[in-house]
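In this document, chain identifiers A, B, C, D and E correspond to the written order of the chains, with residue numbering beginning at 1 in each.
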Amino acid sequence: MQRIGVFVCWCGSNIAATVDVKAVAEALGKEPGVVYFEDYQYMCSEEGQTKLQNAIRDYKLTGAVVCSCSPRMHEATFRKAAAKAGVNSFMVEIANIREQCSWIHKNKEEATEKAIILGRAAIAKVHLNAPLTAGESPVTKRALVIGGGIAGIQTALDIADAGFEVDIVEKKPTIGGKMSQIDKTFPTLDCAACILTPKMVEVAQNEKIRIFSYSEVDKVQGFVGNFSVSIRRKARFVDEVKCTGCGLCTEKCPQKKVPNEFNLGLDQRRAIYIPFAQAVPKVATIDPDYCTMLKTGKCGVCSKICTAGAIDYKQKDSFIEEKYGAIVVATGFNPIELNKYDEFAYSQSPDVITSLEFERITNAAGPTGGTLLRPSDGEHPKKIVFVQCVGSREDGSGCGKTYCSKICCMYTAKHAMLTREKYPDTEVYVFYIDVRTPGKSFDEFYRRAVEEYGVHYIKGMVGKVIPQGKKLMVRASDLIDRKQLLIDADLVVLAAAIEPDKSARPLATMLTASMDTNDFFTEAHPKLRPVESPTAGIFLSGCCQGPKDIPETVSQASACAAKVIGLLCRDKLTGNPCVAHSDELMCNGCSTCEKVCPYGAITYQDKEFRMPDRTMRTRRVASVNPAVCQGCGACTVACPSGAMDLHGFSNSQIMAEVDAICK
Amino acid sequence: MQVNEEKFEPTIVAFCCNWCSYAGADLSGTNRLQYPANVKIIRVPCSCRVNPMFILRAFQRGADGVILCGCHPGDCHYTTGNYFTRRRMTLLFSMLEFLGIEKERTRLEWVSAAEGAKFAATMNDFVATVTKLGKNRRLEDLRCKK
Amino acid sequence: MQKMMQDRARELLSSGKVDRVLGWIEGDFVYDVTPHVFRENDIDQLIYHSFASQNLSKYLVGETKKDGVIAVFLRPCDSYSFVQLLKEHRFDREKVYAIAIPCLGKVDAEDLRAMGIRGITGVTDGKERIILHTLYGDVEKEKSEVIAERCRKCRGVHAPYFDERLGEELTKEPLTDRFEMVEKLEKMTAEERFAFWQDELSRCIRCNACRNVCPACTCEKCVFDNAASGIENKAPASSFEEQNFHIIRAFHVAGRCTDCGQCSRVCPQGIPLHLLNRKFIKDINSCYGEYRAGADLEEKAPLNRFDVDDCEPGDVVGKGE
Amino acid sequence: MKKIQLSLLPKLLSAIAAKKALYLPVDGKAGADYKRYEEGDTLSRACRTNRSAKDFFFPQVEDMAAFRVEGKKIEIIDTRKENEDFVIFGVRACDVRSFDILDRVFLADPVDTFYENRRQHATVVSLACDAPEETCFCRQFDILAEDPAGDVAAWIVGDEMYFKAKTEKGKKLLSSLDVLLADGDSAPVEKEKKHLEAIQHKLPISEFNKEHFKPEDLMEHFNDPAWAELSEACLGCGTCTFVCPTCQCFDIRDFKTNDGVLRYRCWDSCMYSDFTKMAAENPRHTQLERFRQRFMHKLVYYPANNDGIYGCVGCGRCLAKCPISMNIVKVVKKIGGKKA
Amino acid sequence: MEQNNLKETLLRISGVNPRKCMKCGKCSGTCPSYDEMEYHPHEFVSMVENGETEKLMASPSLYRCLTCFACVERCPRGVQPAKLIEAVRLAVIRQQGMNHLKPDQLPDMLDEDMPQQALVSAMRKFAK
């Protein structure tokens, strides 16, 4: 039996004016288990707290009920005070007689009666309360960053700067991501490579950072502070340590007809390759789909010419097991497939290209050496049509996306402007639905494209692109001039919508991190916790969370790093003790609770139990990881046998409150 | 609560999630928005913590109406809790109605932390509806009053 | 069919592929059928006819705790319970050899008694017709006239998770719309519905037959047997308790109930308990898309998933009247 | 011997109901059950009600006492009250016998006053069986379905119903109905009895021999390996025990009311896993042990303590109602059959 | 009120929700009869939404639509302008004597090369 003290607060006149506090205290004093009652002007004051603490000591209280303002206000205050006096924090309950009683009622008699009932409910709950202690778990002081684009790079650098070890897992042979393919960046027009490659080198040279390129996350176990991850290092058939990156092999390889994915298939590379000159790590990789040696066992040219002896045709996928305290998802984006947009003739004409392809064509390191030439005949295009919102802002019934891809307006303006600057004889049309330029110096940039560079911005969407001889007939409407246009363009550039990388979905499953219907990772809170996943210990950086441009990606990456650092700084994590727990003797192991847990806090194990008939039986039972559980209680209702219950809000506690209220 | 012939005062149990609706109820207090004292609130971490057993228990013990309030769909503090609540309560309420329990005695409302006014309005309306309906006879347990 | 089953069972036992066979055995009367674990010595007594009514799948929970492999015969309706149990990790699939068998619909002796057919001593099954041998002579009936309610809505298709099929798959058109009675009740006024259920549920003696026979009710300890749950109860001590038990029972199997109809079959008081389960099935189908528990091993149950634009309770409740 | 035209039976029933509470089996949605007589109810001719007649004396739920808690005070309230006089009309021979079996439990020292109170106020009008089910086997327990016990025995012969008082209570009831009843000749009843007896010999369950269950064979039966096979399909529900007219186990439980506790008793079932569960643990761990307990009680323990009277009346309810059709007949044949 | 009713009728017949339109003009950019029209597909949608149906009903543009459904096919928001135009035409026809095509006009329109089917479908589309 608990020894409960009841403390009724006047809150000046806030409560006392409408609730007869003395009557409440006396009525509650008669309840079974209540050994002490008192009313006081301001329970939250120093003096009030001392009263609570004294009563705990003098009357050997095991629990307390404070009838006062909302628990959202002072629950923590009173719990802390009680803890100081030697009573577990969770033995204190608040009856909210201000916000939910005195302030909303005028009739004193009515309000007093209600206050007594609320107090009774709190007393009934305290009777069933048990001291709770938050669990503690150690933190592995190492972070994993999944994805080596600009988001991953920035996050890794920031974390490493704080003195923590970071591993980057990148599925491509080099880090750098989409930004490495981009020519110039808006709105400053500085060269992407010039600002990115130093960062890549910095990553490579940072002692705290390890890069696992050409690798993928294979398995994730554990929870915040204690993840254990298995990383698959795909066989690149080249010894990373021995390879000097001299590139000789990539010149001598006889297999020349491999589409170069770095240039989006606009030119070709060899079967052994280094994606681009500034690749990090600068190590060759053999493409097993094209290498003659790997396919037929005949060739071996690269092996013969490699002076470092780095070629190893027998290399196999290997696995690395590592422990991490935090995991950052930076899986990035891809432009969507445009094959289904027949009206834009993307798959019919090589001269209809995506904006990313346009970047490669205009990039000095690209297939054309930076000269703007048509892919079909290598001629210089005189009339270029840019089409915005291809696959963005659709109603979701077709192959497009419902969201705005955010970056297209700005990079299209950039492309248009650069084209006009380099080739003033080229006519440039941009078809838009809206031009969206929120961002520092963004609108000015767009206006410059129109005003200084004479780019034709036309409000209206392109209806159809018809390849006709060497020309592309573009039929579009000009909504403002109310006319239909037919433009004989030489090149059509489509601003394709961007979507999360395909690897994100299986990764989310591994991480038990939630995703929205578009496969973007969801934030713990859209406004207040935008760089965290609801799953504790999982953080979000860059476009995996939503479309973003580079400055925004970098700032989010740093924000994400700050959150990770905040976590890794701590030696121990103290959980919320009000978490779910399963009564293993009653658990069926049916997995229902696991399916409704948004945090992946529930796992199953086969355990041996001694049955009543003295036999041993192995049973599958659920166990909740208190470090991961956030205490929502979804599992407690999903569990039909009631084996799952929630500390602090147990079935019996809530029912006791119900009983007290309905009396 | 005394039942007298002049005015029937229903007992109403409101389950409010800690993050939105309980805060919404607090806000309606802070703004001094009145609603009847018949409503007694029980704080739960999330609307998905509310077990159908609790609702039936309330009716058994003499509640005349039970209302469940949670964050708006999509705003759940625990991301998905209220979506589960919505499915569970849809089925439960439909079943209670199927058994002939007056459908007006149960309600699920989404009240955010900013919707103090909505909370008060909802409670006023719910109390009025249940008052009109009269005492809960179909799901009460007469033994409780012994 | 019975002969085929006996032969196959014998074969499986003698080949050592299985150690035991779960089937049905007959008692004093042809309808006096009990689930039974056969071994080689008594396999001749395995029967299969219109009175082999019990769903065997739930027995696997206990049987797979023992050593060795057990073969089980699954009628179409049982196969869904089988998958549902498997989905919930209630038995060890490795220890089970599942044999799908066709079913022509089952007949309940109590129903026949109500039709005035008494003193039944034997049965001859046909696809369309059934001949009941009684103390007072043979009675021939159209199968559709006599088969149990739970069999009227059957389509006869197995859930595809068995090891082998014996006999051919018989697909059939349901004889009745299984939601007919639910809809009829929905159209009543709340008062009428309340009166209907009071009349039914007040007969409940809380013998727990419905719960214990239910293949979805496999809790280690039922909330109604657990003093700590706060709703433990042993008797229908008040009209509330009667309702509470049946609401919670149905709610706990909502989205898991395969509509096998055993609950109503075994109720000694003849309460149409399946209507409660079907109400949930109907609501689930109309609100969250067609769902059949036990049809798929992977698909999440309706109460374990959600759609962001699910309907609100108010969109569903009160639409019947 | 008294008689009445069947067409006048409603009049007779109203006359009884005018004086005392009258209960009789009435056909319902799903079989017959006892109910309190209301104008217009007709006597069911079914040979068996779903629930047995034991409910009248040993109801499923019965309040025993209440405790009211006010603040820190506890007050004990006696919920007992004197039962009204009542008549149960149309009880079959098997159920009538079950009353004797219950009496031996509840009226033995210490007397169960709740039971006694009900028993004292009851008058039982029994009715001979004219159409037994194939699952009936009362004769195996020496019960004469054609000549039931009770305060008054009744027979339906043709379109007449005959009554014969067998106790003082019965005589009193009949004499109070004198105006409606005519004097009857016992010959038609005797003839009917012969006819009914002949039917009973034709019933299929006639060959089992309970005589093998002797107290001295207790250990042998207890250790019979056949229990394992018999109990393997048992679901552990309480159907057999709850429909059984002689099962008399109960549990005493507390219900938390709004202001205290209501102590009541309700039927319990030895088939349940928590039956006789004690503080430390449960004496019977497996369904096998629980299953065995039920039948050993009916066939061995009860007769051993009650002058050889078996705890079964052969009403056949468990045969009809068991979800898996396991029942006492199968048990008797399997366990006892071995001796023969 | 009248206007509103008409709008509602149009929306009901066509099943189109003009509010889904984001005014991108892809329909007009794709329309083969654009130049023959006084009002263009995207304008149909906004005119109906704005309640300017009278003006629309009086316009010959209605009959320039070939019902080729290119606009329906390509609309990124699934608005279906052609169905709306069809509905407006139907609304015109439903008004007494407002048939766009009358049987007595047919002789003048007869053309050796024109398939009979064209006439039949024209009657179906423009008259009632």
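The rule we apply is simple: contacts are C-beta pairs under 8 Å (C-beta built on N, C-alpha and C of every residue); 3 or more make two chains touch, one makes a residue touch a chain.
Quick caveat, the model's predicted, so the values are computed rather than measured.
Set against one another, C-D and B-D show the most C-beta pairs in contact at C-D. One inter-chain figure worth recording: subunit A and subunit D are separated by 69 Å, centre to centre, where each centre is the mean of the chain's CA atoms. Centroids of subunit A and subunit E (each the mean of its C-alpha atoms) stand 47 Å apart. If you average the Cα atoms of subunit A and of subunit C, the two centres end up 45 Å apart. With each centre defined as the average position of its C-alpha atoms, the distance from subunit D to subunit E rounds to 82 Å. Within subunit B, residues 52-53, 57, 61-62, 80, 84, 88, 143 each touch two or more of the remaining chains. Touching two or more other chains at once is no residue of subunit E. Residues of subunit D in contact with at least two other chains: 255, 258. In summary, the structure contains touching chain pairs A-B, A-C, A-D, A-E, B-C, B-D, C-D. Taken together, the subunit B residues at the contact with subunit C in this complex read 52-53, 56-57, 59-60, 73-74, 80, 83-84, 86-103, 106-108, 138-143. Across the interface of their complex, subunit B is touched by residues 66, 255, 257-258, 260, 262 of subunit D. Note for the complex: subunit A touches subunit C at residues 517, 585-592, 595-596, 604, 617, 619-620, 638, 640-643, 651-652, 655. By the touch criterion stated above, subunit C contacts subunit A in their complex at residues 65, 87-90, 218-223, 226, 228-230, 252-253, 300-301, 303-305, 308.
By the touch rule above, subunit D contacts subunit C in their complex via residues 28-31, 33, 50-51, 60-61, 133-135, 202, 204-205, 229, 232-233, 235-239, 241-243, 251, 253, 255, 264, 266-269, 272-274, 317, 319-321, 323-327, 329-330.
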